[in-house]
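Notes follow once the structure below has been shown.
In order of appearance the chains are A, B, C, D, E, F and G, and numbering begins at 1 in each one.
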Amino acid sequence: MSSTVDISLKLLSRSLGGSVLVKLRNGKLIRGLLQGYDQHMNLVLEGAEEIAPNAQVTKLGVIIVRGDNVVMLSPSVIRTEEGGQD
Amino acid sequence: MSSTVDISLKLLSRSLGGSVLVKLRNGKLIRGLLQGYDQHMNLVLEGAEEIAPNAQVTKLGVIIVRGDNVVMLSPSVIRTEEGGQD
Amino acid sequence: MSSTVDISLKLLSRSLGGSVLVKLRNGKLIRGLLQGYDQHMNLVLEGAEEIAPNAQVTKLGVIIVRGDNVVMLSPSVIRTEEGGQD
Amino acid sequence: MSSTVDISLKLLSRSLGGSVLVKLRNGKLIRGLLQGYDQHMNLVLEGAEEIAPNAQVTKLGVIIVRGDNVVMLSPSVIRTEEGGQD
Amino acid sequence: MSSTVDISLKLLSRSLGGSVLVKLRNGKLIRGLLQGYDQHMNLVLEGAEEIAPNAQVTKLGVIIVRGDNVVMLSPSVIRTEEGGQD
Amino acid sequence: MSSTVDISLKLLSRSLGGSVLVKLRNGKLIRGLLQGYDQHMNLVLEGAEEIAPNAQVTKLGVIIVRGDNVVMLSPSVIRTEEGGQD
Amino acid sequence: MSSTVDISLKLLSRSLGGSVLVKLRNGKLIRGLLQGYDQHMNLVLEGAEEIAPNAQVTKLGVIIVRGDNVVMLSPSVIRTEEGGQD
């Protein structure tokens, strides 16, 4: 259990290259490989796809998501830092 | 009864590791273990789940909630500071 | 009748420990004991409860309300400054 | 006819202690005695009441209105500056 | 045809004392004599009235309009600067 | 094909005096001669008119559009810089 | 797989001159050749067209999109940096 203030950026950093699920303000759900982010939570996703409420999937390819549209983000896999020092 | 101005960050700090209930602007209710936060009220929750109005629960896992979507947050348990120095 | 510019923070200060009624942007009405606040009107309420339009009450316990969701706030009791120094 | 840039703060200043009518973003109409304000148009009103479209009045007492909810504000009485220098 | 960057403040300045029509974010239309403004487009209008879609007019008197509610503003008369230097 | 960062202000500059079409957040479409702008995309339009979805046109005259209501702007004619220095 | 913080500006830079698909807050979908952008994600698009949900296309020509209306942006072609220095 970590408790640093910048834990969200740390979590984003450890999610790089992995699949993330992003819920947007307009209610849309986006899934993709996290290729980059910044402190505004602007995101670059690769192989992104929109998942409709009925589970229908629309391919989006590479996308930039503007951070202020993000409600929440969930990494599906988090790289652990085994054997390394922070 | 404390009355310092930064009481909300203090309360967040004392809620770390405990379960919190978060009400979002889109009306959604999220519950999870508070793993981190920052001054914008960006939150990192572990074992998060969305609670629908009909009490149906959807597992979300680890999530980052962007602070400007937070309406209110309620810690279910607050660690008291007995016998310790802050 | 006071007329200082910072009268709202002063009023919040004098309401500490007392019950306040908070109207939120989502139309919800919250009542609780004001335990803290800051200049963004982030609030910490104790013994908070949500009051539905039909007067039904939902217990919320201790909550942090993010200031930008506050429409208005009404202290039910204001401590007067009789005989005391601020 | 005055034409200074800070005319709105001046008008608020001259309305202190008098009754003002405030239209909020949520469409509500509030009336009360203006006891204070700041540059964000945060307002403190005394003897405030909400006026419903059907003219029904709800007593609110002393309230703080967060400035970013204000659409417009109308002083019912403006103190003139007869015989005084500003 | 002028092309300076601060043309909007200039246009407001030249509209002082004249009638302006203001369209608000809530869809309302306000008409009044422009008595003041600032760089946020906060406006002070005298003899203001709200014009309903059905052309019904409601008297508002002197009002302060918070700038971030303004969508657009149209001066009905613009003082020309004939024979004067700016 | 230009690729400078300030290309949008450059495009606005080159559109001065020409007709522009502006889409607003409230869904309205405005057409007028661009007389001025600033870095917030506040616009001054002359001979402005609102174009309803059914193509009905309402004359607005000279208007100031507050930049944060602008979704997009399209110049109908762009002055080319042939034979001139910027 | 790059992981720098400014990856979104880099991606925009590499998309210059190519076709991009832009999803706006109002739900509209815009396609056009990216001619410019800035750090607010203000965009200049050439040959822009709006794509309705029923796939109907409306020609918009050259447009400026105000960045705060952008939800996400997808370059259809990304120039690779083979054999060149940035």
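Here is the rule we use: a contact is a pair of C-beta atoms (placed from the backbone, for glycine too) under 8 Å apart; a residue touches a chain by one contact, two chains touch by 3 or more.
No experiment lies behind these values; they were computed from the predicted model shown.
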{"item": "Shared chain contacts [chain C and chain E, defined touch]", "value": "D"}
{"item": "Relative orientation of copies chain C and chain G, as a Cα rotation angle in degrees, nearest 5", "value": "155"}
{"item": "Centre distance in Å when chain A and chain E are each reduced to the mean of their C-alpha atoms", "value": "45"}
{"item": "Computed distance of Cα centres, chain D from chain C, in Å", "value": "20"}
{"item": "Euclidean distance of C-alpha centroids - chain B vs chain D, Å", "value": "36"}
{"item": "Per-residue overlap in chain E, given as positions that touch at least 2 other chains", "value": "25, 68"}
{"item": "Complete ring sequence of chains beginning with chain B, oriented so that chain C follows", "value": "B, C, D, E, F, G, A"}
{"item": "Chain C residues touching chain D - in the complex, by the definition given at the top", "value": "1-8, 11-12, 25, 27, 41, 67-68, 70-76, 78"}
{"item": "Residues of chain D defined as touching chain C within the complex", "value": "13, 16-17, 24-26, 30, 35-39, 42-44, 48, 60-66, 68-69"}
